[in-house]
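Given below, in the form of structure tokens, are the structures.
Two complexes, one shared chain (chain A), two partners (chain B, chain C).
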Partner chain A sequence: MTTTSEPVAEQVQAFLTERTRQTWARDTDLFAVGGVSSMFAMELVVHLESTFDIVIAGPDLALDNFRTVDGMTALVLRLREAEQ
Partner chain B sequence: MSDDLAGLVADRVGDRAAGWDVAGELPRDLLAELGALGVLCAQVGVEHGGAGLDSRANGELTAAVGELCGSLRSVMTSQGMAAWAIRRLGTAGQRDHFLRRLTSGELAAVGFSEPGAGSDLAAMATTITDGGSGDVVVRGRKVWVTAAHYADLLLVFGGYRGGATAVVVPADTPGVRVERVPHPSGCRAAGHAGLVLDHVRVPADHVLGGVGLPLPLVVTAALTYGRMSVAWGCVGILRACLAAAVEHTGGREQFGIPLAGHQLVGRLLAELYVGEQIATRACEHASASWDGGAPEVATDAVQAKYVASRAAAAGASHAVQLLASAAACDGHVVARAYRDAKLMEIIEGTTEICQLLLAEHVRGRAGTVRGRP
Partner chain C sequence: MLREEAEDFSLAVLGAGTMGLGISALAVGHGVPVTLVEADAARARQAPAAVTAQLRMAQLMNALPADREYGELTVTGSLAGAAGATVVIEAVTEDLTLKTKVLAQTAALTGAGVALVSNTSSIPIDELAGYLPDAARLIGTHFMNPPYLISTVEVVRGASTGEATLSAVTRLLGVLARRPVVVGDGPGFVTSRILHPMINDAARVVQEGTATAEAVDTLMRECLGHRTGPLRTADLIGLDNLADSLRVLAERTGDHRAAPCELLLDKVRDGHLGRKTGRGFYDYGKAQP
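Then we have the complex of A and B:
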């Protein structure tokens, strides 16, 4: 099964909306606007792992991968690709 | 599997925990043996020589060890946290290499705190810098590193390439000094030590992940395992206290009836029992989050650690009161529990830091309570 970016991005946006009660454009820097705590960053990691059945470890934990919805989408697609 | 391993540890520990507490030393060969059996970091997968337990089963094992000996359980927390940090922060190659070493009898300790960075870990001053010729150079000081006295491998957290990560430093590397905390008030045989790292050179492939990662994420990832382990260890403390209190107050008579028949004694027993039950439930909840991949796992681990360590400190205090002079000597299971439990309110995020994290968590989502959106 190949995954395209649109449904992944929508899923990530839905999670962010649920948890922060605000909507996030795909390129908004979550960390720059102070919307994200260290605990929430960990929540994002575990959420992406369990939702998309991937493991995010080592260098993939770099902040740039979690900064925006687009960044997380690209990470998910890359890791899913690598596992297939 | 968890029960088998717990039985094995109980067999090896026997009645020696009191002596270890008084001497301030665990037998090194026992630690190496338990390490090689995969007991000390039992969530490591079988593919790396571990027992492959899930968080719940490892939690029950941790509580069983904690009921016997808080110092041994502390060593277990360190080994497990090192293994988890390697699994989370390391590359595939580093996981294969180092996890196998941690299940082969080598012991590990994890260094976070520094003279100027306790609760405020962002103030960490330890640095890992590229040193050329395939090496990195580690400089800094760490304090209160549990199990460092026994460790073969020191997992040292520090700044790296604009971010942070941990580096695996073999304890015998030139420039490493391990200075034992002379007389810790609790978990006395856990081998707490300070580390002095003076231009320590290690191969660059010992730097977990090989890149600078966000410090809050790095710390939260590693501490989440530590908090789970401490929380389950506190359940063990509570179970040890409950067992000792029930036995003592059921057997000793004063004013013509067993102590437990006196209402004021009964109240302490009830509170101790409820403390054990609540701590267990909080740990079970956090382990279910861990095993189920729930995003809230980091917060649930903070909650479990907060609840269980406070319950353990209060419960151990009750147990001391109930056993009175019978427990008023070092080495006694209740005396150990009393001293050990208080440290559990400090380690892996103090009670106050836990409160701040939980307050921040609830503020971030005012109006939503999990399960009742």
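Then we have the complex of A and C:
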């Protein structure tokens, strides 16, 4: 099974909206605009791991991977690919 | 920095509370093997997962060297676990009787050349040293929460602290990539002496109904350049520990302003201790690492 980007991105956007009470474009830098604290990044890590059944570790565990919805989507897709 | 240098050290950390866990994560993440001693069985059980969570957070924040393997973490309920250590960092509850007991036992268990470091917030190092057979072995460090993100460490040199002790701690801080600022002794040293009464005043302003916690923190941040605001900082410290530290300060300085205010004591009585219990001046939903 391959995962396409659309449902993943939508899921991530929905989580962000729920937690921050604002909507986020796929390419907006969450940390740069001050809407999201870096402490929140860990919540994103844990959320992605449990929702998409992946383990984010080693060099993947870098803030840059969680800056945008697009970045997180690419990470999820890559880790899911690797699992199969 | 070579891994061998990190492995020259074998660190024992006493107490797996907010600071003991954070200091352990910092050390392990820099390749130093750690034996973490915790008296409370439930806390000891949770300690490995809590250290792992902090290591993940530290890695995410790019706060650890990429090229160093983690040091090994051993958790034990017995102080005897500290016996093989090259440096001991004491981070048990801020209580004179408890600390002096634990430090004296540790002094007897470890070699005469092993530096004993107290992470006390406010108790003067010379006062603690008075309970030890060899006062020269004791020194203070003041790691702050979270240790892996704060790269400067206040180091407290008591009148009787020995040169060898200071140099051992300086070398350890080098391996941990922390920058020491060495200061003299006194109640609360520099940072607690200034910060804790200020936080107490911030709580008093809320207690008197002058402003909400949000308003106090917003003004302190946006007008005065405080990084997080005093009451968010209080929640990060832990309100029980803050009250203990304020009591130590008030008793030793005679400054009534330092005596913990009613609102702070009420929150401690109600078990609202800040981030570690999920609620303090702010509501975090659940306990935060």
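Criterion: the second predicted complex is superposed on the first by the 84 of 84 C-alpha atoms of A that agree within 3 Å, B and C clash if a C-alpha of one lies under 4 Å from a C-alpha of the other, contacts with A are read in each partner's own complex, and residues count from 1 in each chain.
One rule holds for everything that comes next: contacts are C-beta pairs under 8 Å (C-beta built on N, C-alpha and C of every residue); 3 or more make two chains touch, one makes a residue touch a chain.
Keep in mind it's a predicted model, so treat the numbers as computed, not measured.
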Which of chain B and chain C A:43 touches, first, second, both or neither: first
First (chain B), second (chain C), both or neither touched by A:80: neither
Touching partner for A:62 - first (chain B), second (chain C), both, neither: both
First, second, both or neither for A:26, with chain B first and chain C second: neither
Common ground on chain A, meaning residues reached by chain C in one complex and by chain B in the other: 38, 41-42, 45, 59, 61-63
List of chain C residues in touch with chain A within their complex: 56-57, 59-62, 66, 289
Of all residues in chain A, those that touch chain B in their complex: 15, 19-21, 37-47, 49-50, 57-59, 61-63
Partner chain A, residues of chain B touching it in the complex: 87-92, 94-95, 163, 208-214, 216-221, 224, 292-299, 302, 357, 360-361, 364-365, 367-368
Complex interface listing, chain A residues touching chain C: 38, 41-42, 45, 59, 61-63, 66
